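Chain naming follows the written order as A, B, C and D, and within any one chain the residues start at number 1.
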Amino acid sequence: MESINWRALAPIGVFFLLCIVIAIFSPNFLSVSNAVRILNASAIPVVLVMGATFVILMGSIDLSVEGIVALCAVVTASLVLNDTFSANLGFWAIPFAVLAGGIIGAANGATHVFLKVPSFMVTLGIGFVCLGIATAALGGFPVRISDRGFRALTLGRTLGLPNGIWLAAAAVFVAYVIQERTRLGRYVYAIGTDEITARQSGVPVERTRILVFVLAGFFSGLAGVMAAAQLGQGHALIASGRLFTTITAVVVGGTALSGGVGSVLNSVVGVLIVIVLTNGMVLMGVPPFVQQGVQGFLIIVAVTLALDRRQLLVVK
Amino acid sequence: MTEKQKELLRNLVPIFTLLALVLGIAAFEPGFLKPANLVTVTADTMTLFLMASGATFVIMLGSIDLSIQAIASMTSCILAALLPMFGGTALLIALAGGATAGVLSGLVVNYFRIPSFVATLAIGGIMTSVAFWASNERSIYISDEDKSTWLNWATGTSVGIDHEVVVGLVVLATLSAILSLTRFGRLVRAVGSQERAVVASGINVNRIKFFAFVISGLMAGLAGIVMAARLGSGSPTLASEFLLPAIACIIVGGTAITGGVGSIWKTFVGALIIAVVRIGMTFVGITVLAQQIVFGLVLVIAVAMTIDRTKVSVVK
Amino acid sequence: MQPLLELRKVTKEFPGVRALDSVDLHVDRREVVGLIGENGAGKSTLVKILAGIHRIDSGSMLFDGSPASFRSPRDAFNHGLTMVFQEQSIIPTLTVAENIFLGREQEFLRFGVIDKRAMNAAAEVELAKVHLDCNPATKCASLDFAARQMVEIAKALSLDGRIDSDIVILLDEPTSVLERQEIDLLFEIIKELKAKASIIFISHRLDEVLQVSDRVYVLRDGAVVHETASTEATITGLHEHMVGRQLDHEYYRENKQRELFGESVLSVRNLTIEGEFRNLSFDLAEGQILGIAGVVGSGRESFARCLGGLLPPSNGEILVDGKPVRLNQPHQAVLAGFGFVPSERKSEGIVTGLSVSENMTLAAGDRFSRFGFIKFEQERTECQRWIDRLRIRTPSTKTPMQSLSGGNQQKVVLSKWQIFGSKVAVLDHPTRGIDVGAKEDVYELIREMADQGVAIILLGDTLEEVIGLSNSILVLKDGEVSAKFQAPVGAKPDQIELISKMV
Amino acid sequence: MGKLAHDSVLLAAAAALSSGIYTASFADDMTLAISMRSLSNPYHATFARGGEEFAKSVGLPFEVLVTEGNSEKGLADIRALIARTGGNVCINVDPNDSPDAATIVEEAEGAGAYVVTQWNKPDDLHPWDHNPNYVAHMSFSGVGTSKEITNALIDAMGGEGGIVAIGGILSNVPAIERKLGMEQAVADTDGKVQILDFQPADWNETKAFEIMQAWLTRYGDEIKGVWAANDSMGIGALEALRQEGKAGSVPVTGIDGTEAALSAIEAGEMAGTVAWDPMWTGGMGLSLCHAAATGAIDVAAEPHEHREFYGTGIVVTPANIADFRTRDASFDYNDYWAKSTGQIQYQ
C-alpha cells in the first residue's frame, strides 16, 4: 500500500487550526447549529468549486462563473411559478437551468478550443455576455419565485440538515467519481500535467477540454438553481462576488493554478476555510474596515501552510 | 512572404484590429473621427493603460497581479488625504504607497512561494483596508486649488492635447525602453518562457519577480493618482471594476497570459481597443441592454484576432 | 516474404528543406532494424511520419502489405505501430497503470466508470514484460528516471496481444537516460520481443545499435546512404557513413589531453547532502578534468546539482581559490565561479523564448550592459565570434533558440559559461541526446576549456566518455567514494575496473 | 492570406451582430439621456423607465448610459454622448461617486449640455454657481428617512432590544448617511435599543446572508431586529432567518422600496422599507432639464429651493402598505416641484 502523504492533508490541518483559533475568541463557533450554518453557506460555493477545480486542474481558468450562475438563476426563476412569466414547471425547471449552464459551458469550451483563445479571455467575455443577457432579459428587474415547494430545495431539511447541503454533497460525490473513476477525470490530470504528451498518447485533448467546460457549466447551472431557490429570486447580480471566492477556495485547498495537481476534495476543504474565515470575522468582531486586510493576511498564512510547494518547481 | 515579414504582420494585427474598430464606428457616426474626439477618447483610456502597463511586466513573467485595482484606490485616498497637508510631497507618498504594495506582493510570492494569483488577491485586500483607514471610510475631495497647483501635470491641457495623453506616452516610452533595452526586461521575458533555465544560469529570479511586482504596484499607484486628479477625489472604491478590463487589455493587445511574449505598446493598443469598443458602443448608440453582451463578444473576437499563436505551443 | 512495414520513395519537404528524399526502407517480421544518422539527417521526420504526426508528400507507406497513412500516434497505435519517444511521455501525476493505458481505458470501463482493479491487474502483466517490480497504483512522480523509462516501454508493449496483426515497436533513443544494467535488461527484453514483434531501434550509441540490430540503415541529409547486416558492419564504418567523411582524428581528443595543470582552484571537503551523498572530498586544479562515475542513485547527479547551487549542501566545505563559498542558491554558485550545464537541456539548459545571443549572454549580462541597458552591438559581435568558433549552425544571433538542433543548443549552453568566464565547469551529461558530429565538437570544446585553465567536473553519458575525457575519475557508490582512478593518456583504466567499483 | 480572411469573417460577424441592436439617432433633435450605475437593479431600472416615459411624452430620442460601478467609464460615456450630440443633450445623472458630479458639470458647461444630478454631489458644488447648464440637484434626505425607518423597526420590536445593522459600501455617501440616521434613531431610545454589531455587506444580498448567519451564531436570540441599508441586503438577511425558521419573528427593515421588500412586508416578514420614487426622479429630472434647455424656465431666476431639493421618501410599513399600493403615483411633468420636500440641508 502507498504510505499516506501527510503533506496532502495540510489544508485540513489549516482548517482545524482556524476553527480552534476562532473558537478561542468565540465559543459559540463550536455549536452544532453554527456548523450547520457554515455547511449551509458552503453549499453553493462547494458546487461551484467542483466545476472550477476540473477547469483549473486542466491548467485553464473559468471566469464566467458569476455570469452562468446569474443566468441560470434567472432561467430557474422564470420557469417555476413566478411573478413575471407564466411558467410553472416546478422541479422540472432544474434540468432546463442545468442544461442552460452546460450549453454556456460548451460555448466557453468550443470558443476556447476552436478559436484557440486562452480560457481566461473566453470565459471573461462569455461571462459578460451571460450577465448582459440576464440583465437584458429582465430589464433589470428580478424574477421572484412564488413556488413554495420549489424553495424547499434549499429551505427544507432532510435528516435534520438543510437540503442544500445534501445537494452539495451529491455534487461532491459525482465530481469525485468523475475525477477518480472516469476517463474524463484521468484525462484532465494528463492534460493539466503535460498536454503534448497526453495528445501523443491518444488523449482526445480538444474533446476533453470542451467536456470539462461543459461539466463546469453544469455545476455552475446547479449553483444557479440553488441560488435562486435560496434567495427566492433570480436576477443578474445574484452571483456577484462568487468568482474570486471560488478561485481562492480552489487554490487555498491546494490545487495548483498551473494544472495537474489537486483534487475536488481539496477544494471542499478550501471552501470550508474561506467560509469559516468570513464567518469567524463576524464572530470575533473584527472591525469592518480591516476585515479585508485581515482576510488577505490569513489567506496568505493559510496557503503558506496548506500548499505543498515541493511539488512545484516554479511558482507563478 | 518571408518569416520576417510574417512576424512583422503578426505583430501589427492588434493595430489593424484597432483601426478596423475605429473605422467601423466612424461608418455609423463620422463624428467619431474628429481629432478632438480622438484625443478625448485617448485621454479617457490612459488611466486604464497606466493600470495595465505595469501589470504587463508581471503577466510577462507568467504571473498575475490582481491587486492593481485596490492599489489604485488606495493611492487615490492617500493623495487626497495628504495633499492639503503636504502638497506635492503627497504625490511621492502616494507613489511610494503603490510601490510598497508591489514590494509586499513580491515578498509574499518569493518567500512564501504562494502563487501570485492568491498572493496579490490577498495583498489587494490588505490595500483596501489601508484605503479605508487612510480615507476614514469616505470619499475625500481634492480642492480646485490643490488640483490646479499639484495635479495640473495630469489633467491640464497643452496645445490641445490632454496631459493624460502625455503622461501615458511618457510611461509607454519609459516602460518600453525598460522592457526591450535593459537586461531586466530581457530577464522578465526569459523567466516567463523558461524559468528553470534562468535559475540554473545563476540569475536571481526572485529579484526579477520582485521588481516586476514593484513596477506593477508603482504604475497602479500612478494610475490611482491620475484617476484622483481627473475625478477630483480619492475613494476606497475609486478604481472599482478596473481590474478585469486592465488585464483584458493586456491580453487583447497580444501579450500571452502564459508569459514570455508581449510588449508595452501592445498593452497600449489593447487599452485603446477596449476603450474604443466601450465608448464606441455609446457613440454608435447600441442600447445599454445589449452593451455588455456586445462587449463580451467583441472581447473574445478581438483576442481571437490579436493573439500570436505561433509562439505558444499550448493554449490554456 | 512480404515485409511488415515498407516505405517506398518517401519524400517530405518543409519550407526550404527537403527533410526526406526518396527513402526506401523495410522492416521484416520479427526483425530488429537499427536506424542511425546525425541530427538533421531526417530520423525525427521519419519517426513523425510513422507516428502519423506528419504526412508524406510523395511515395508510399505499406503496412502488412496494404497502403497505410496514420493520422495520429493513436491511429498508428491502433494499426499496430507503437513507439517509445525520445522525450519521455509519462504523465507524473497519473499512476503507473493509468499511464500504461492512457487513452485506452475503454477495455476497463464498467458502466462508464473505470475498474481500477482490472486496470492494475492488466498493468501488472505489462510490467512483468519489462521486469519492473513496482505497484501499478503508484504515482509516476515517485519513480526514478529509469523506472519511468521502463513504464514507457511497458506502455508501448501493451499493444502486444491487444490487436490481431503483427506489431512494430519503434524505440527512439530509449537508452540515453538508462544506465548499463538497465540497458542490458532492455536488450534482454528486445530479444524476448523479437519472438513476436518487429523492432525499429534508433540510437546515437553505435555499439548498442550493432549489438541489438539485425540490419542497420544509415540516414544522411534525408536519404538512406547505407544499409548493411549488423554482422558485416563496424562502428567506425557506420560512423563514417553517418558523417560522410573519414574520421581523421581520435574521438575523445586524447591527443589534446593536458597532463600538467595550473593552480588548485577547487577544494571540496566532506561535502554531504543527507540521503544523497556523504563526505565527498577532492581537489581540482586549473585545466584538470575530473570524471564522476556511478550508477543512478549513487549520488553523482545530486552532487553535480549541488555544485550548480540547485541543491543546498547539508554539511561540509567548498573552497574556490582557497576561499570558502556558499552554494545555497544558483546565483551564489555562479558568482563563486561554477558554471553548471544541466542534463535536462530543454527545461534547464536553454530558454526557448530567447534568441541565441540572449541565451549566450544570459549569465554574463552585466558585461554586456551599462546601467542596466544592453550594449547590443558588443553583444552581437561577441556572440558571432563564439558562433563561428564553435561552429554553431544558426542563421543569425537573433534566431530563436528552439529552432536550433540539440547539439547546437548544447554548444550555446557551453558558450554561456565560457563567455561568463566560469572557473569550474560542471557538466552533467553534456552530450546526452546529441548526435555524433556535435558530440565531437563538444569534446573539442571541453579540451579547449581545459586548455584555457577551466577546471572541469564531468558526468559522462557513457563510461567510455568519462574514461576518454578525464584526467582522473572518482567512482561513487551509494553516496560514497568507492574508488579513485588516475586516467592519463595511455594508461586509462578500463570499463570493467570501474564497473566493479560502481556496483 | 488565410489569417486575414479569418479575421475579416470575425469582423463581419461582429458588424452583423451590432447592426441588429443599433438604435438610430435623430439628426437635429435634442437627445435625452439617463446615466446611472447599472440596469441590473430594480431601483435604477425604474429610474431609467421614468426617463424613458418622459422622453416618449415629448417625442425625443432617449438613451441610457451605465457606469458599471466605474467612475471613469461613466465619465467617458458622458463625454462620448456630449461629443456625438455636439452638446445638444439633456442628461439626468446619478453619479457613481459624489466627486464625479463636478467633472460632469464641467463637461456639460463646456459643451452647452444640460445636467440634473441625483443623490451624489460634493457639498460645495451648487447648481446656481453653474447657470444655466447645471439645472438642479435632486436627492432624498438619507439621514432623515433612515431615522424614520429605524423608528419603524424599533416600533416593530416593541421599543427595546438589540439590533444588528447591515451597511452598504463603507465609503459610499448614502451608506454613510443611512448609517448615521440609524445611529441617531437608536441613540434617541436612551439605551433601550442597542446596536449589537454593524457590518458592511456592500449592498450585496449574498454577503448579507452570510453575515446574518454568523450573527445568529454570535448573538442568537439577543437579536430582536435587523436593520439593512437597502432592500437587497434586507432580503439576504431575511433568507438567512428563513433558513432557521425565524422569518417573520425577527423584524427586518430595508430601504429602496423594491417589489421584493414590499411583498415581504405584505407577507409579514419585513417591518418596513422606504420607497423612493424612481419613476418620478427619472422622469422629473429630465423634464426639469428639458425645460431649462428649451427655455421654458429660466433657472437663474429660480430660488435655491428649486435648484437643490429633496424628493419624498415614503416609509412603508405593514400598517400603510395597502394604501401605498393603491396610491395615485402619477404626476404632472410640468409641475416641477410638486413633490419636493424642501431645500437640501448640509450637516
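Rule of thumb we're sticking to: a contact is a pair of C-beta atoms (placed from the backbone, for glycine too) under 8 Å apart; a residue touches a chain by one contact, two chains touch by 3 or more.
All figures in this text were calculated on a predicted structure; none of them were measured in a lab.
Taken together, subunit A and subunit D share the touching chains B.
Chain centre most remote from that of subunit B: C (centre = mean of CA atoms). Computed from the mean C-alpha positions, the centre of subunit A lies at a distance of 29 Å from the centre of subunit B.
Per-chain CA centroids place subunit B at a distance of 31 Å from subunit D.
Each chain gets one centre point, the mean of its Cα atoms, and the points for subunit C and subunit D are 69 Å apart.
In this assembly, the C-alpha centroid of subunit B lies 44 Å from the C-alpha centroid of subunit C. Annotation for subunit B: residues 132, 137, 196, 289-291, 294, 297, 304 touch two or more other chains. Among the residues of subunit A, those in touch with two or more other chains are 131, 135, 139, 289.
Looking at subunit D, residues 39, 170 sit in touch with two or more other chains.
Here the chains touching each other pair up as A-B, A-C, A-D, B-C, B-D.
Within the complex formed with subunit A, the subunit D residues making contact are 38-42, 44-45, 48-49, 167, 170, 197-200, 202, 204-207, 209-211, 213-218, 220, 232, 235-236, 239, 242-244, 258-260, 263. Residues 308-310, 329-331, 333-335, 340, 342, 347-354, 358, 362-363, 365-366, 368-369, 372-374, 416 of subunit C touch subunit B in their complex.
By the touch criterion stated above, subunit A contacts subunit D in their complex at residues 26, 28-29, 31, 33-34, 37-38, 40-41, 83, 131, 134-135, 139-142, 144, 154-155, 162, 227, 230-233, 235-242, 275, 278-283, 285, 288-289.
Contacts from subunit A toward subunit C in the complex involve residues 2, 177, 181-183, 186, 189-190, 192-194, 197-198, 200-204, 260-261, 311.
Looking at the complex, you find that subunit C touches subunit A at residues 51, 72-74, 77, 85, 87-94, 98, 102-105, 109, 112-114, 116, 135, 137-138, 141, 155.
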